[in-house]
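By written order: A, B, C, D, E and F. Residues from 1 in each chain.
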C-alpha cells in the first residue's frame, strides 16, 4: 500500500531524512495550462514583438520561483538547482501551454521545483493579462517526467495504472 | 479594447503606478482543484484524524504563500493582508477543492494573493501525497470573486461573456 | 474564558481578520537572556572595543529579524515597522540581558516583532560565541509591555494574576 | 584559551572559511521550553483533537524556520538540510518542551539550525496562544547534542565543566 | 553640522523612529552606469530584437530588487511601493545608463528603493553579459531627485555645493 | 566571438545547465567605491570608535547580501558559500574603498556573490550617511580576480586588452 513519506512513525509531519539516499543527478519536467479568451492570447502574442513581454516576464518568474521552492513548500528539501528552463507553446486557440524542466544533483527529486516553476509562470501570466481578461483559468499542472531517484524513471502515460 | 496595465506607454514592463487610486477595502476569493486517485484521497482524509495532517500543512502553506505573493509575482504590489483563510472540501471522488479568501485595505486588489494561496496549497498537497500518487493533477485555479476596486464587483459566472 | 483568535469558527487555523480594527499606534517591549560562562562574557565585552563586535552583530540581526517576523510566524500579519531598537545590559556575571522595542501604526500589535527581535539577537550571540562556550542557554524571552490595541495597556508584573 | 571563530585576524567579523574542513554528516539536537498558565496548556492540548492545531502550526514553523537559519543569523553558512523534526512533550503543568533534531552533510555544524527550529516553534506557540495568556515565557533554549564536526561529539551534561 | 539618523543618543544603531513624521507621497529617481566594451553593448542591443533579452531581465530584476530593499539594507524601513519603473539608454559607446523611479506613500523616503533597483539592474546586466566581457564596471550610482519628505525637494546639481 | 551563456539555442533566457561542469573550489574578489564629502567620511570614521558603526553595519549587510545573490539575480545559480569577507580602506579624501572576497566549492563561479556583497555594502554606507550627505556616489564596482572555473584564472589588469 502506498505511504506518505513526510510523516514520522508517531504520525507527526517532518522533513524526511534523505541522508541515507545517494546523491544522483535528478531531472524533472512538468507542465501547466492557462486558458483565456482567444483575444487575450492574441494580445499577449502581439506584445512579444515589442519591448515589454508577458511571456518573458512569466518565464523569469518561473525560473526565480523554482529557486524559492523550499521556502514555499513546508517540508521540501533545499537543493542547488543546476538548470531551470521554461517554455511556452500555443497548441490551441486561447491556450498557453507552459513546460518547465529542472535538474540538480542531490538526494531528493526536483519535481516540486518543476511544478513550482510552472505554477509561478502561470500565475504571472494571469497577473500580466488580468486587466484584459479576469476569467482566465490555470489548469493541468502535472508532472510529465522524473528521473534519477530510487523510484526509477517516471514518464506520464507510460505507468501501469 | 482591453489593455494590459503592467506596461508603460513605450512598451516596457513596470510596476504600474497606483498612487492615484483610493485606498479601499479589497476582497478576493479563488479556488483550485487537486485531482488524485480515490485511494490517495482516502489516505489524506484518514490522516486528518491523527497528529500529522496533509491538509493542515497545505492550509498553512497557502496562508504563508499569500504573504509572499509580491516577491513571487514580478510586477505585483506589496500589500498588508488583513485576513487569509483556506478551506478544503471534497465534492467528488478523488478530488480536493481548495478555496482561499483574502482581504486587505489598499490601492490594488488581492486576487493574486488569493490565487497564490490556492496554488501554494495545491502544490503542498501534491508534495505531501506524491510518494503515494505521482499522477495527481492541479486544475481549475481561478478567481471566484473580487470586490473593492475601481473595476467594480466581479463574480465568476455573472459576467456577460 | 480565554480564546485563541487564530482559528475560524469551524476550528481551522487562519490569519484572523483585523479589517474591522482601527489603525492605531502600537508599541511593544520584550526581553530575553543569554546565560554563559563568566569568561565568555568577558571575551564578548572585550571585543566590543575592537573592530568586530559580537553585540553589534546581534543588534543588527535582531533589527533585521524583526522585519522578517511575518514570514517566520505562520499566522502573523505583515506590518510596516516604524522603529526597532535593541539594547544590551549585563546585570549579573555571565548574563547578557537583551531588550527590544518596536513600534508601528497598524491594526495588530507588534509584540511578535519585539519577541522575534530578542530571539534573533540571542541566537546570534550564541552563534558568535559558540566556539568558546557551547553550553550557553537562552532564557526568559517574554513580553514586558504592549500598548495601542483594543486589549489596553499591558505591563508585565502589573496584571492581576 | 577559547577563541571566537567569526573574526578575521584584524578583528573584523566575517563568514569564517570552512573550505578546508571535510564534508561530513552533521547532527544536532536542541530544546526549549514555553512556560504558561496550566489552563492555557489545557486549551492548546484540547485543540489538538480538532482541525486546527497550535502545536502542528508550531511544528511546521520550526521546520520552515530551520531552512531560513542562514538568512536570519548574519554569519551562519548555508547548508542543505537532510532532515528536520520537531517534537513536543509536557513534562510538567503549564510547560511545553520543544525538541528539534536536524541533520545535514556539510562543512559546518547544524546546531544553529536546531536552535532556530526550537526558537521559531516556541515563538509560534506564543503567537497562537497569546490572546489567552500574554504572560507566557520562552526559556531553556539550549543545545543538547552535536556530532560530526572536528570538535567531536558534544552531549550536554557530559562535558567536563 | 550634519548628523546620522540611524543612531540612538547612546550611539547604538537602530531603525530610527518615523512614527512622528506625516505620511506623504514620496518619489525618488536614481541612476547608474554599466561600462563595457562596445562589442558587448552591440551584442546586448542585438539580442533585444529576439525572444530572450538582457535588458528586460535586468529591468525585472531591478523592479523585484526594489521590493526587497528593506530586507537587504539593515536599517531601512519597509514601505508599500506604489510604482517602480526602470529605463535604459545608451548615451555613449559601450555604456548603458540605467534610471529607476520609485514612488510610495509613507513616512520615509524611497531613495534606497530607487538606488537598489538601479544597483540590482546593473548587477544583472553584468551577470547576463559576463561570459562575453568580464571587465565590465558598474559606476555612477547616485540619487537624481527626491521629493515628499521633510527635507524638501532634492534635485542633483541644483544644491549649493 | 563572445557568447552569452544565459540563453537557450532558441533564444530564450534560462538558468544555464552546469550539471556537466566539475565541482571545484571557486574564489572571487570584487571592489567598489563610495565617493562622499570629506566631512562625511570623517564623521563615519569617527563613529567607528563608538558603539554604533556605519562600516560594521555595511560589512554585515555585504556578507548577508552575498547569501541572497541567487534570489536577487534572476538567472544566478544557488551556491553554498564557504567564506565571505568585506574590507574597507580609505585611499583618498572622501573615498571609501570596499573589497569583498568570496569562496565556495561548486559548479559555477562566485563573482556575482562578490559583486553583490560589494554593492550591498556600498548601498548600506549610503543609507547610513545619507542624512548628512545626499550627494554620495557609488562607483567602480568591478571584478578584481576570479579562479577555479573552466575559463581559468582572471586577474583584472593582466588580461590582454
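Going forward, contacts are C-beta pairs under 8 Å (C-beta built on N, C-alpha and C of every residue); 3 or more make two chains touch, one makes a residue touch a chain.
For clarity, every value in this text was computed on a predicted model and none was experimentally measured.
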| item | value |
| --- | --- |
| Both-way neighbours, i.e. chains that touch chain E and touch chain D | A, B, C, F |
| Touch-network distance, chain B to chain E, counted in steps | 1 |
| Pair sharing more residue contacts (C-beta pairs) when B-D is set against C-E | C-E |
| Chain separated most widely from chain F, comparing mean CA positions | B |
| Chain C against chain B, contact positions shared by both copies (same if over half, else different) | different |
| Most distant chain from chain A by Cα centroid | C |
| Rounded Å distance between chain E and chain F, as computed from the means of their C-alpha atoms | 16 |
| Intercentroid distance (Cα basis), chain F paired with chain C, Å | 31 |
| Junction residues of chain B - those touching two or more other chains | 8, 12-14, 51-53, 56-57, 60, 64, 68, 71, 74-75, 80 |
| Touch-based graph of the chains, sorted into line, ring, star, complete or other | other |
| Pairs of chains, among all present, that meet the touch criterion | A-B, A-D, A-E, A-F, B-C, B-D, B-E, C-D, C-E, C-F, D-F, E-F |
| Touching residues on chain F, where the partner in the complex is chain E | 2-8, 10-14, 32, 39-40, 43, 47, 50-54, 57, 60-61, 64-65, 68, 71-76, 111-112, 115-116, 119-120, 122-124, 126-143, 146, 154, 156, 159 |
| Complex contact set, residues of chain E against chain B | 25, 56, 59-60, 63-64, 66-68, 80-87, 103-105 |
| List of chain B residues in touch with chain E within their complex | 8, 12-19, 70-71, 74-75, 77-80, 106-107 |
| Contacting residues of chain B [partner chain D, same complex] | 48, 51-53, 56-57, 60, 64 |
